[in-house]
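In the two assemblies presented below, subunit A is common to both, partnered first by subunit B and then by subunit C.
The block that comes next holds the complex of A and B.
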């Protein structure tokens, strides 16, 4: 029983990283209005940005968060310029395929520049344990969960309490009407895309700290997890995407408890399939639409 | 003259939606464009607000050439386009929809937003009751009111209303036309498109009749209302 409980705690912690990736993903998809497959690489680059920052200035978590956010937000600008800016009025699959190509480019560039091997990222957070027996939290887990919660809270405030937030949400709901209000749709989409990518970058840093390792190809599975979590939440609904990520993490970790750790992804994606079969719209309830 | 449109043409593919129309709107006027389906009324407004690509012609607003400006830049100059089909933000609350109308002015104060909101709620008390409800959960008539109210929050110099009475109950249509007159009294200039030609010509100072992308008649609203050709074509007599 203790073992299951501690696995559930691991699941919550891992799920909260997925949640942050999915929040970023939902922001991108919501504001830009086009699905992206570059998110995994954005996450990976955020992890590497924090890795080199830690080497440069020492293990300062706050500077790491800022560095990974800024680096990934910058990559977001790059992705926006290449994959979206010229294709807003084109069929959707063009920018979608463009994001797939960009993701391959970034991943292979990363393998050339950063090297193909796993890099260790040890002792960023001292190895401390709070709890009794096997049930308890490590300091890393506390930091991960706290970071995710505080970033989500900041994002919530930004989206719901500021005029920029209203502009971002207006653009995500109706680009034509937003332009009629005098909102610069292109600039606002660019900002939203960068915020979403920045959050993905921070998630990448948390992944690297949590697993104490990072590698140039980590984006593949991370991007798929982000995508799955966001799909669970209905793609553009931010709180539901976060819930989707949390569920995915918990299901994965409980799944490997009853089988083997190599089946991790099987549980995640079977769970996704089941949810989509039973409830194709995901967890999200369409708000504000008359039946 | 607040708005001058000269020789405006719009093509959709090979189809000419507008072939060289010219019209003017003076400060404080209500001008209406009438015409049957597909005559080019909506295309005219879309071209003025930059949402449809212009094949030719010029548009001047307050003396400034706005022909090649982006839609958001045109809106920022003070042209408000209340589009056909309302285009409210369904997942923003009524209040947030109204605030979205003020974003064109970057330095607007909180008091000014509250003042404008009070003004809008005086005209649309129904919206005040639903202030925290999602825009998409309103009824069709309420959504139309919200679209107009959002336009008024922009405090525009020119309001372009595209079919404000579309799909509304007759009693609400009358409310909407009363409101258009009230907006005029508040000193705004209005360019109005209507299927409901009789109503539109009654409130309008001047009108233009659009047929197949060309202006065939123009004149004072009352004159057009009594014009035989217009009566036959649009008023069913």
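The block that comes next holds the complex of A and C.
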């Protein structure tokens, strides 16, 4: 029993990183209205931003969070300018393919600039273990979960208590209606995209701290997991996307517990398929009709 | 005056002769290389590139034959290796292929070179099934049915005194063969395998696999992988699991382990067929030259890569006037008396070799050789 509990804790920790990636992803998809394939690279660049920041100013987590958020938000602006801005009224597949191209560009540029080797990110958080025997939390797990919860809370406040947040939600629900209400849709989408990417960047930093390494090709699988979690949550619903990420993490780890780590993705995607068959809209409650 | 004239004449004669020998320019042979220059195993791919270029430059400087190496990045992906092998096979100017790094990549390319009749000489593939796949497939790493049993008997049982062992291994062609050969020998030696977990090559999160191992309380863990070994070592340390000795089969004396795991790697035990230290002068000089270019110290893998270039050169020289893809294969298979940087190399009928192994430990952030080649007696 202890053992399953400790595996569930591992799952929650991994799931909360997935959750943060998925939150970023669904913010992007929500405000832009298009699926993106650059999220993995945005996550990777966030990790690298924190890596170089830690080298410059020492292991300060708060500065790391800010740096990775800003760097990825900036990449978000770049992605927006290239992939979305000119194609709002064009068929959807154009900007979709554009995001795939941008993702390749960013990944290969990163390999050239940062080099192909794994980079170590050791001792940002000291190895400390709280608990008894196998059951317990490590310090880095606590920090990961705490960061994810506090960022989600800030995002919740931003969306529900600020004018910009309300504008973002309006754009996410209906661009035409929002424009008629006098909202600058282009600028608001740009902001939303940058916030989503920034959150992805912080998730990248957490991934790098948790796994203690980073590499230019880490974005591929991360982006895929972010996408799956967001789909579980119904793509644009933020709390459901977070729940989706958490579930995915727990299901994967419990799956590994009863079988083999080689089957990680099998459990993740079978779970995704089952949920989509039973509840095609994901965890999100479907209210009203979407245009 | 007369003497001066004589000297001049001699000089002119020498220049003229040099001119003549320059006329009979050495023939250039194009050799295709595939290696994981990017991706998880990039350290090894980069090492291949540098070591092979060093060897080719030395051979070209000698001047009897000229080798031109063409490098292609297989990213450690068997699909890419198969594609690259096909490209090389279709290019009639390519005389042989050197590479790839992993057994999976080599095994994906083996049927293609078999069909094309083109030698595929891998510095590092050690799956015992690989070289037997084709008479054109060769490897000089030594085989997993040599190293894995050595690891079980001599490193774990004799050297470390292990009783209960936990295994964590990459589920690939190489990992599977390392694992199966290890388990077979461990059973013979009476080692108790208490936990056995595997994962796929692009895994990042080992927390649940580690929890699984930890539950069974092994006294030694064996990590069977190359590029991911530092990640696993770090995650074991992160989980606060300290009452276990970590050993690893596969990465050799990889600097990545020291760089990426730092003090988490302290006490790590591993095996290698080749070790560079101050006692081994030629190897040390070679390693220093390598490090100057590469910026990191070589493992056994680039040293093997270096030897493969000399092997191909020897096979070309032995082919005489008419060098073909087939003549290179024949002369490689029948090569006798070759001594490379990593020791004597003579292929068995399958096209690979058995090696002897050393036990190495990480102490104070450095690899330290613990046993000699005669430990297995």
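Note that in this section the second predicted complex is superposed on the first by the 286 of 291 C-alpha atoms of A that agree within 3 Å, B and C clash if a C-alpha of one lies under 4 Å from a C-alpha of the other, contacts with A are read in each partner's own complex, and residues count from 1 in each chain.
Rule of thumb we're sticking to: contacts are C-beta pairs under 8 Å (C-beta built on N, C-alpha and C of every residue); 3 or more make two chains touch, one makes a residue touch a chain.
Everything numeric here is computed off the predicted structure, so don't read it as measured data.
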{"item": "Fit or clash between subunit C and subunit B when superposed on subunit A", "value": "fit"}
{"item": "Which superposed partner A:179 touches (first subunit B, second subunit C, both, neither)", "value": "first"}
{"item": "Touching partner for A:118 - first (subunit B), second (subunit C), both, neither", "value": "second"}
{"item": "Per-residue touch tally on subunit A - higher for subunit B or for subunit C", "value": "C"}
{"item": "First, second, both or neither for A:218, with subunit B first and subunit C second", "value": "second"}
{"item": "Which superposed partner A:97 touches (first subunit B, second subunit C, both, neither)", "value": "neither"}
{"item": "Contacts of A:128 with subunit B and subunit C, given as first, second, both or neither", "value": "second"}
{"item": "Vertex subunit A angle, Cα centres of subunit C and subunit B, expressed to the nearest 10 degrees", "value": "150"}
{"item": "Touching partner for A:146 - first (subunit B), second (subunit C), both, neither", "value": "neither"}
{"item": "After fitting on chain A: smallest Cα gap, subunit B-subunit C, Å", "value": "37"}
{"item": "Contact residues of subunit A, present in both the subunit B and the subunit C interface", "value": "none"}
{"item": "Subunit C partner contacts - residues on subunit A that touch it in the complex", "value": "3, 6-7, 10-11, 13-14, 111, 116-120, 122, 127-129, 134, 136, 138, 140, 207, 210-213, 215, 217-218, 221, 252-253, 256-257, 260-262, 264-265"}
{"item": "Sites on subunit B touched by subunit A in the complex", "value": "49-51, 70-73, 75-76, 80-81, 83, 87-92, 96, 99-101, 103-104, 133-137, 139, 150, 154"}
{"item": "Residues of subunit A touching subunit B in the complex", "value": "163, 166-167, 169-170, 173-174, 176-185, 287-290"}
{"item": "Of subunit C, residues touching subunit A in the complex", "value": "37-40, 42-43, 45-46, 171, 197-200, 202-209, 211-212, 214-215, 227, 230-231, 234-235, 237-240, 256, 259-262, 264"}
